[in-house]
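Multiple structures follow.
Presented sequentially are two complexes of subunit A, the first with subunit B as partner and the second with subunit C.
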Partner chain A sequence: MNALLAVLWKDLLTEWRSRDRAIAMLLFSMLMVVIFHFSLPGGATTATRAYAPGLLWVAYVFAALLGLGRSFAIELENDAIEGLARAPVDRGWVLLGKTIANLLILGFVQAVTACIFALVFEMDLLPIALELIGVVALGSIGLCSVGTFFAAIAVRTRLREVMLPLLALPFYTPVLIAASRATNALFETGSVPFEPIQFLIVTDASYLIVSFILSDFVLDE
Partner chain B sequence: MTNAVSNQVPTSTSPGINRALTITGAVLAVSIAVWAYLVYSAPLDSVQGLIQKILYVHVPCWFAAYAGFVVTAVCGAFYLWKNDERFDRVAVAGAEVGVLFCTLGLVTGPIWAKGTWGHWWAWDPRLTVTLLLWFIYLAYLLLRSFTEGSTRTARFAAVYGIAGIAVIPLNYFAIQLFGGAAMHPNNLERGSLGTGMGWPFAAAVVTALIAMLHLVLLRVDLENKRIAADANAAEWDSDEDF
Partner chain C sequence: MTAVVARELEKRFGSTVGLNRIDLDIQAGSTTAILGPNGAGKSTLLRLIAGLARPSSGTIEVSGRSAHHRISRARVGFIGHATGLYPELTARENLLFAARLRSVPNASARVEEQLAEAGLTRAADRRTGGFSRGMAQRLSIAVGLIDDPEIVLLDEPFTGLDRTASDRLVERLMGLRQNDRTLVLVSHDVTLAAKLADAAVVLRRGKIAHRDSGGDLDPSTLENAYTAASDRDVA
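== the complex of A and B ==
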């Protein structure tokens, strides 16, 4: 457990000092809003609001993949990854610490992206802010748990930037389906149906447990 | 973790595999002949006509594909448990053969679908899950070719192969709960097979599974030979140093 806190603190401090990952992810998702605008018939306006939940999650997934890839790439400098792997602690906690750090960094990016979406699609997200945070958090736990796990694998391969999306995206589909359905319902009716939330909790729990158990096989010297 | 892998390098093709290949090859030849005859003499479907006969190719491909993926996951788990490289060789064979049959299924499906449903593609749960599975095992094969070091490749591949099978129910439930309606029939026993179609279908499934087994054995044999050749080349290199 101490290892989790140590890794979490280290990752957040590194990010706070450089701020490169969060800024890159943020710029990336802002650029995606521009791309969405030009790819939608009639542009990103109130008329195309129905597409907003799906597009929001597309932006989240791609921003997450961008950030997750860096999460282990920084550990390659000065062979820091060896230190992580050789530390006399359970590697599950190391991976979980990294997952939570990724979750927090992604959360910041997601909050700003949601504000930009609210602006361009002219949606009032304030009345449903709490529910939206809940849905986004549940979806993001799924994205970050399995994403951090695969990032540890992808970083050890050639073409690691290419490998991570290929490994992770098939595992992101169940999360993406449930989270975008829940967000869609939330934007349309102002409340979240129970089924997608229940499904997200089950998916998150299975991803967290499986990546914790198998962490020994992906973090190596 | 320690990687005390037992690297049994075969000097040549093992006689056990040779014998097994002869047997599966012979059984496969007979099975293909029986399958072809039964499919030819099977009655035409009263609604769909001739195109329904693609059933005897399309559905057995799924049995063989899923069997291949299960072989990969099970052998991956055994590799992680026993740390024996031989399990990894069977795992990679299962994945490659599984992807082959999966591709055949994904090609024959749209041909049948266009003729009966009127669309090349439908986002039916079973179809979408299988498409995702195809992506997963293609990524598995890419992961193997992009990872350096044989033990690390085997370990990463084993983990991904197991995870690939484990994510099937999640994807299936997600698509079924929140995705499109099912187009595929639920269950073959509930009369989706007409009179006289049972035996050709059974022959088709048996043939596909034997073909899968034969190909897996061939691929394992090839992997054994490749490793032996690599070991020989390394020996030659070390001889030249002297």
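== the complex of A and C ==
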């Protein structure tokens, strides 16, 4: 647990000082929202709003991939990753600390992106804000748990920028399907059906447990 | 008592053999120098002891357990080529992070102690991104020793240090020796190795080409063994 808190504290402090990951992710997701707005026929119409959940999750997933790739790249500078690998704890705690840090950074980016999204597509997200936060959080736990795990693997490969999406995207697919279905239902009816939520909870738990168990191998050389 | 035991230790990187079935015993409280030309397998051996990599075959144990085990990792301090520092964090924060990661009791007091030992108290709140090589290396050593490990692995720690910083490091290592710490030092500097170590191993292409564990090492014998390993390598 100490290791988890130490990694979380270090990652958030480093990001607060540099802000490089959050700014890059934010610019990228905002750009996507703006492009979606101008590329869809008719701008903010009822028809285009039907695409909103999918578009929102596309922006979220690519922003996540961008941030996750960087989360281990900073460990390569000065070979700081060796310090993490040598920690005398189950390495799962180290990975979990990084997962939570990634989740918080992504959460900040998602919140700002959702505000821009609501503005651009003229949608009032306030009445469903709590439910939306819940769905996005569940989806993001899935993205960040498996994403952090694969980022740790990809960082030691030569083509790490390509490797992370290649490894993570197949595992993102079920999360994205369930999360966009839940978001779609939320936008249309104002409530979330239990089925996709149940699926997200099971997927998140599976990804977290498997990442924790296999973490001992990913930080090895 | 033996601190590190390697048996039939082999490490392969694809078709390249990094270490070729070596047997090695490192006595607790001793200082062992690992010498050899580039690519001889010195750093690979050190990384296997540190638990940073797994052997392809054979075994390596630290204090009776697999070197990869977390209890073994707790006993070993590693000071590598690179500093392992986070440039966005201050010297104090880098040490505090290492202390928390390794669950050091009374972390804040230990951090201040290490800052003083490294002569970095005045620079404690400066971000390490602006540190000189010497300052960064001193801090890196302090990070490696934050939990007062029983075994200290040093991978060419003198690289890039000026004379004053080198002398300071030698002093620090002498201090660790006096405190019965087991030191394993990878170096190209045979004279320095002979001065600091009481046992030496010369590696060549992943195999042990020469061993010396007589206590007081003879620099000329070591130099000859090192040169022979290098010459054969060139030939």
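We adopt the following convention: the second predicted complex is superposed on the first by the 214 of 221 C-alpha atoms of A that agree within 3 Å, B and C clash if a C-alpha of one lies under 4 Å from a C-alpha of the other, contacts with A are read in each partner's own complex, and residues count from 1 in each chain.
Note that a residue touches a chain if its C-beta (ideal position, glycine included) is under 8 Å from a C-beta of that chain, and two chains touch if they have at least 3 such contacts.
It should be emphasised that the depicted structure is a prediction, and the values quoted were computed from it without experimental measurement.
A.B. asks: Can A:K10 be said to touch subunit B (first), subunit C (second), both, or neither?
C.D. replies: Touch status of A:K10: second partner only.
A.B. asks: For A:N78, decide between first (touching subunit B), second (touching subunit C), both and neither.
C.D. replies: Only subunit C is touched by A:N78; subunit B is not.
A.B. asks: Which partner chains sit in contact with A:N2 here, subunit B, subunit C, both or neither? Use first/second/both/neither.
C.D. replies: In the superposed model, A:N2 contacts subunit C only, not subunit B.
A.B. asks: With the two structures laid over each other on chain A, which partner does A:S18 touch: subunit B (first), subunit C (second), both, or neither?
C.D. replies: A:S18 sits against subunit C, while subunit B stays out of touch.
A.B. asks: Given the touch rule stated above, what does A:V33 touch, subunit B (first), subunit C (second), both, or neither?
C.D. replies: Touch status of A:V33: no partner.
A.B. asks: Quick one: classify A:D220 as touching subunit B (first), subunit C (second), both or neither.
C.D. replies: In the superposed model, A:D220 contacts both subunit B and subunit C.
A.B. asks: Which partner chains sit in contact with A:R86 here, subunit B, subunit C, both or neither? Use first/second/both/neither.
C.D. replies: second
A.B. asks: Following superposition on chain A, which residues of subunit A contact subunit B and also contact subunit C?
C.D. replies: 220
A.B. asks: Give every residue of subunit B touching subunit A within the complex, in rising order.
C.D. replies: It is residues 1, 80, 132-133, 135-136, 138-139, 142-143, 146-148, 152, 155-156, 158-160, 162-164, 166-167, 170-171, 173-175, 177-179 of subunit B that touch subunit A.
A.B. asks: Quick check: in the complex, which residue numbers of subunit C touch subunit A?
C.D. replies: Residue list for subunit C touching subunit A: 47, 50-54, 70-71, 73-74, 76, 78, 80-89, 93, 97-98, 100-103, 127, 143.
A.B. asks: Per the contact definition, I'd like the list of subunit A residues that touch subunit C in the complex.
C.D. replies: Answer in residue numbers: 2-3, 5-7, 9-10, 13-14, 17-18, 74, 77-80, 82-90, 94, 220-221.
A.B. asks: Please name which positions on subunit A make contact with subunit B in the complex.
C.D. replies: Subunit A reaches subunit B through residues 153, 156-159, 163, 166-167, 169-171, 173-174, 177-178, 181, 195-196, 199, 202-203, 206, 210, 214, 216-218, 220.
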